[in-house]
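What follows is subunit A paired twice: with subunit B in the first complex and subunit C in the second.
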Partner chain A sequence: MRENDVIVIGGGLSGLVAAAVAAQSGKKVLLLTLGAGTLTIGGGIVDVLGYGDEGVSLATPRAGLLEVGPEHPYKKIGPVAIEESIQFFKGICAAEGYPYLGSLDEMQWIPTAAGTLKPTCLVPKTMDTTQLNTAKNVVVLGFESLKDFYPHLITKNFKNIPGFQDKNYEMVMIDPGLADGRDVTALDVARWLDTPEGLQDCTEKMRHVLTPGSVVIIPPVLGTRPNYAIADSLAQALQCTFVETAAVPPSITGLRLRTMLLSYVKKLGVRIVEQAAVARSIVENGKCTAVVTAGIDRERTYYAKAFVLANGGFYGGGLVAEPGQVIEPIFNLPVVAPEDHGLWANPDLFSNKPQPFAQIGIAVDEKMRPLDGDGQVVLTNVFIAGRNLQGYDFCFEKSGNGVALASGYQAAMSMDREIK
Partner chain B sequence: MQKATVVIIGGGATGVGILRDLCMRGVDAILLEQQDLAYGTSSRYHGLLHSGGRYAVKDAEAGRECIEENTILRKIGKHCVEETEGFFARTHLDDEAFEPIWLAACAKVGIPAIPITVAEARRLEPNLSSKIQSVYRVPDAAIDGFRMVWQNVASARKYGGRVMTYTTVIGIEHSNNQVVGMKIRNTLTGEISNLACDFIVSAAGSWAGEIAALAGITVNVQPDRGTLIAFNHRITSRIINRLRPASDGDIFVPHGSITILGTTSASVKNPEDNIPNAKEVVALLDIGEALFEDLRSYRMLRAFAGTRPLYSADPNAKGRGASRGFVTLDHAHDGLTGFISVVGGKFTTYRLMGEKVTDLVCQYLNVKTACRTAIEPLVEDASPELMTKARRYFPSYGADLAASRLGAAGLEKVVERMQEQPEKRQLVCECENVTLAEVEEAADDQTSFMISDVRRKTRMGMGTCQGAFCTFRSVGAVDANGLSWGQDTKTLFQEFLQGRYKGIRPILWGNVMREMELSRGIYEGTLNINGAINNARK
Partner chain C sequence: MKKHHNNPDSCTACTVCIAHCPVTAATNQFRGPKMVGPALERMRLSQEDVEPSLEYCSNCKNCDMSCPSGVPISTLNMLARAKLFKTRKHSKRDYILSHGEQAAKLAAMMPFGAALANMGMDMSRGILKMIGISDKAPLPPYAATSFIKQFKALRQQSYPDKVVFYPGCFINYNDPKVGMDFVAVMQANQYEVIVESDLVCCGSPLVVNGFLDEAEANAKINIEILKKWTDQGIPVITCCTSCGLMLKQEYQELFHIEGVEEYAKHLYDAGEFLLELYDKGRLNTDFGTLNEQYMYHAPCHLRAQGMGLPGLELLEMIPGLKVTNVDAGCCGISGNYGFKEDKYDIAMKIGTPLFTKLKESGLSTAVSECGTCRLQIAHGAQVKTLHPMTLVRRSYEAKKK
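On to the complex of A and B.
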């Protein structure tokens, strides 16, 4: 039996970051994943904090960090560790040849496929809006048969956004020739651009419709690999600036980030077991000694000194909701949820208040260890990261990947101190 | 000023049934609906085409009407009816003594109730509880309320019928005790106008009391709220009724790939009291487990509620105690000629109600043409040639679904769109197999003003994902085609997603919660629709 130092449960952003931190400090790390995490759903940009209470937009992500409520993960983690986590992340991106832009002191407002702007913090170079913000002429480029991108949504709505009203907008379409009777997603277009033939074909087709010097808003299709080769090649050949939008799943920017992080942790020696459905844990004297996976063949037991629980919230399966109560199925940790189901959801889907059900999760201390109702640590060697934490509505405040990153970092750092 | 001989108030099954009947008899008629067609009770029920078995014991006349209309609607509305048959199943919790009483009542009104063994019933419907005691087969069927209403309108339009949606009546005008017209308001624009007419028929269902009050007349309609659950499975292939005196949560109706469980019953003051709550849902699940033991393991899609328009001359009769028969009230007896209310009744007998009311109106108008609504199909079948053509453009089995939804005339238009622009065959709604061409056709209709109106015509957004993916596409498509009804796109997003949320909120647990997190992740997290709305609010 091989003893691991650390087992990380969950292969999304928080799990991958925790695995990277632990492995970098020399731990033997095993990563158990069930699915692909939500990076390929939600996207590869790192929102840290865009809106404060009642939906008021913040000047910078840092401005909001000190204002969050007492149960918010950022409050537990603290500004120092948050800043460190961002530097850690940017360091990985730079080392892997896929550098990200941004900092806590600058709010990036990026275009979305719905023709809105969205506040975020760290973005890949392909979502840099510096040129877009000052451009006089903007082209929105769509692809024939790509059904999840409608250029008119952007040109129409941008005309009403302060700072974007006086620009000239033009819509152009190119035909990637991918239809052959089936529906086309951004992933199909990105894979087309991944091939040298596709890239050349696309470059020529774009050449017919783009004037050199244009700023071009496009769906996130600039290749599936975590590098800027395709973006740079198009930019150089056409002398245009391309800006990818935030868009509906499948998320190509998230796919790139996931590929990059997987490659990074593998290089650090992290072992990964896929399709590992963790069913339960073995606990002795307030410590977890092992987790048990239930696959299609048999149960397997994985031992470690410490564990990071980063298997997501309701969507990921880390939390399971029943009428009036919420269960954390692996450790049966206490989950903070309103008893009256009538209080779980606001009357309106969209309002100027966060959704109570979105804030349901596990209470933790500063080290990200789970707490019971009396504020006592339940398990001393289990650390929580990501959406299963209580106290924040990532959709409302725009903090999803930011909390994942900071809590994954903090969980692994405090674990490192615990098991030394 | 607009004019019509007859104005019908209410765009539910009864109203469109009257419109169709009047128009087929050559009477100039217009129908007004305060929301969208089938917005009210006609779509907020379980979609059961009653055999009459449920009413046989307590209300023999309603039972007899049901079995007769059941037979007729299978013929004229075959694209709206799924001939599933039904079971009446007695569980271990139900009184044995009721069984012979029920059987005798069915025999008396001519409803065939054929006993089968419990073993055979469970072979046919394996999910049925092992504790079932006895089972009878009855000729129940499933019926699509939205489609029935739409196909009635399609038929009425052929005969010159007109429909105005999002129009509410704010005053009834009369001269010498004779109706001469009404004042109406467009609920979307607020515009007020006059509509001249000789006759008003109120088929406003739960709202009939409010309409009558405009003319100073009292009509005792007691709205009775019923909550239902839609499951994302075909739990049963047959309708399952519980064999006991009519009560809560004892009917399961399969529709395509889903099943509806209903209902509750509670008197309410406001006919628009249609927001379900978790308590009702949990209560329905508790009761429903007597018929399907594994009920809680099935995924729910949404909960919804509507109000039954119960009528009683006796204002004290409530809930299931009130009759489900229907009554035609000629307000000439109240001193106002040219005003009729039709109240009570149920979806299964909508056509008959229409026939009776139209007979009465025609008497006044001296129109002698006979009623043909029982013999002429609502829509024509698509020809084999059209179907062959349609299959060239529609993805997979979508052609048959669309032919049923649209009828021959509608299908032809949609196929034309696809022929001209093959990319329009793309699926906007993957759950319900709705193509871009169909969405555009529905969005183009004069009664469409928002994405939900397109949904009711096409079923888009009614499947498993409840709008998580198709909302973006439908907003993008109607906007790209200049069909956005003068509304900004964040309002279109908000209206449609809020409509879906209303039915999800009371069942927010299990996989529904997961879907909710996905949907919010897309529209709020990624696309920041909420941020744009809050920004506009400031």
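On to the complex of A and C.
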């Protein structure tokens, strides 16, 4: 019988981090994924905590961690493990040759393609804003026929942001020569730059419009691969500092992050089954022994000593909302939700308050094990990570990838201690 | 996952499929899976909507695999293509590429037919190019003796445990050795192999070119024959991953044929079947040592089946054998897509990362389940290729020596 030490359900950030932690400690890990997760939709950055409960921006992510409520995943995980998870993540990035910047003691305010600033914690080097923040003159560089990145919109909105009001903006455009075909996305431009010819062509075109020493805001187009070869090549050839913005999907920075994490876990020997729709579990005496996938042909059973459930929330299918109740379909775990489903949503969308539905999820102990209504552990060898956790509105407080990272790390670490 | 209803409204337009589509990466003439699939399907449901770039979809299924919302995007594209050809004529090129089975049958009926046809194919490459088949495409030659003929001449040891083997066109007419290796492997596991000679092409090459009605007719023939066995609980096994995907999944997504769900439960990829034997303690693990090294390419149509990479896992059990997953994405060929004059360059561009990694490995032979992947890899990376079953057979034989 083929048996695994650990099965991780879900291939998003929390699942990949959990798989990496477990595999690094020598466990035989099987990763079951369905779809490519949301990394390629999100921004490829790790938000830890940007805003407090009242929507007020925090001085640092660490300052916010002290103030979260008792049900918040960060409260369960604790500051030590959160700090460790960040070091673990940065270690992966460094090992893969795509180091990230940032720490809990510093809020990164990164520019977006809408001309706003967004708070985050860990960013790739291409989103380092150190030079941008102090620059007097800023160039906003767009690409002809690229949708969703308009230098005039960005410049106009920057003029309303304290600290950005007094800068001088210059808008320039270059033509990637991609107009002959479909609507152009940042992914198309990034793929153009992936090729040696495209990079050379782009360098020459930029040389005509950029003065050495400029700080240049660009869409996320500096290659699709998780390294800085293209960013470094352009910076060196043109003697400019480039800053990639957060932008709409498909997310190039997210694609790089996913590619990097997959590469890392595969090197550690993590086995991956794609299109694995986990439908149910087999539980004996409070322990899960196996999970079962429902393929279009038949069911398949996968055995392990411990399981990490990291298959997302409502969007990823980890939680399913039905009239009056929310279901966790694989283990049928208790889900904490207001009984009156009229209270799930705050109909006042722009009230600057968290949404109740976003906080619906699975209650866990400090080891990330699922709890019932009486606070008792339901299953001793199942650990929860990511968007299916109770008690946080990632959209409102800007904490999505931070909770995914810290809970994925904590789930795998406590599992590691349990099954030794 | 289980209940497929091809609902375009499950798509949230998140664009993950665009980031994972190999054709989108290779050409900006394709508007991408999200737009051509679910987005335009909403239009097509109310009125005819002809999207010229629909022809660029290769049905490789990477969009389906990446979708977080379970939309069978490529199947929506295939259904749209079929709808288009309800009122339009197919090209000669698409007819020929979709009906390889007929040509192969003709060649197999004549004495020396395969050899003559192969000679003819070499000479007629100019004509094929005129109708739109690339003169550079790695078209497969016919084998001198088809699998069915070789199988009939073989004297098997009889065992109470039996499996039905579905060879598919490529193994039957072009690469019968894979089928014979599979039979030898099953015999080494004390299984008797049954082959039904009335089975027809699975329909995969028909579906991709919009011959949906013919594909459905084939599906009905195959299901009727195979159901006689699966109803008795006898497994049906494929070595070709595209045949396997068609028989178990696409039949369910594309057609409404009674009993298909029950029948699909008994369909296995050869590697997966052997691994299940292992799990039951029933696999012959008397593997002989093979001190050899290979790169392994996972066909997209295997990855799409939700069972991991069983062939690779099986090869890892053979002592001495070192097999590395090249893990460089789609090879580009997608059945007959890369044979087409106007798609050849796209297919080669898609496969370039794979070819580059294979060449960099310095190894002379690559392993993969899919027949057309193997053609494309041999063509693009200039290496020899093998099916995993060939290595499993050799390992058993190495032990006997």
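To be clear about the criterion, the second predicted complex is superposed on the first by the 419 of 420 C-alpha atoms of A that agree within 3 Å, B and C clash if a C-alpha of one lies under 4 Å from a C-alpha of the other, contacts with A are read in each partner's own complex, and residues count from 1 in each chain.
The definition used in the following text is that a residue touches a chain if its C-beta (ideal position, glycine included) is under 8 Å from a C-beta of that chain, and two chains touch if they have at least 3 such contacts.
The structure displayed is predicted, hence computed values, not measured ones.
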Exercise. Subunit A superposed: clash or fit between subunit B and subunit C?
Worked result: fit
For this session: Considering only touches as defined above, state whether A:Gly115 meets subunit B (first), subunit C (second), both or neither.
Result: first
Exercise. Does the superposition put A:Asp348 against subunit B (first), subunit C (second), both, or neither?
Worked result: first
For this session: Have a look at where A:Gly35 lands relative to subunit B and subunit C in the superposition and call it first, second, both or neither.
Result: second
Exercise. Counting only touches as set out at the top, which of subunit B and subunit C does A:Ile296 meet: first, second, both, neither?
Worked result: second
Exercise. Touching A:Ala247, do we find subunit B (first), subunit C (second), both, or neither?
Worked result: first
For this session: Based on the superposed arrangement, let me know which partner A:Glu274 touches: subunit B (first), subunit C (second), both, or neither?
Result: second
Problem set entry | Touched partner set for A:Thr185, first subunit B, second subunit C, both or neither | second
Exercise. Regarding the shared-chain residue A:Tyr315, is it in contact with subunit B (first), subunit C (second), both, or neither?
Worked result: both
For this session: Have a look and say if subunit B or subunit C is in touch with more residues of subunit A.
Result: B
Exercise. Is A:Ser407 touching the first partner subunit B, the second partner subunit C, both, or neither of them?
Worked result: neither
Problem set entry | Minimal inter-chain CA distance - subunit C and subunit B, angstrom | 5
Exercise. Both subunit B and subunit C touch subunit A; at which residues?
Worked result: 38, 41, 183, 249, 251, 315, 317
Seminar exercise, completed: Per the touch rule above, subunit C residues touching subunit A in the complex are 1-2, 4, 12, 14-16, 18-20, 25, 27-32, 35, 53, 64-70, 248-249, 252-253, 264-265, 267, 275, 278-279, 281, 303-308, 313, 325, 327
Exercise. Along subunit A, where are the residues that touch subunit C in the complex?
Worked result: 1-2, 34-38, 40-41, 178, 180-185, 187-188, 191, 249-251, 255, 266, 271-277, 279, 293-298, 300, 312, 315-317
Seminar exercise, completed: Within the complex, subunit B is touched by subunit A residues 38, 41-43, 47, 50-51, 55, 57, 112-119, 144-145, 147-153, 156-157, 160, 179, 183, 246-249, 251, 313-315, 317, 320-324, 341-342, 344-345, 347-352, 355, 357-358, 394-396, 398, 400
Exercise. In the complex formed with subunit A, which residues of subunit B make contact?
Worked result: 277-279, 281-282, 423, 426-428, 436, 469, 472-473, 475-477, 479-480, 488-490, 493-494, 497-498, 501, 505, 508-510, 513-514, 516-518, 520-522, 524-535, 537
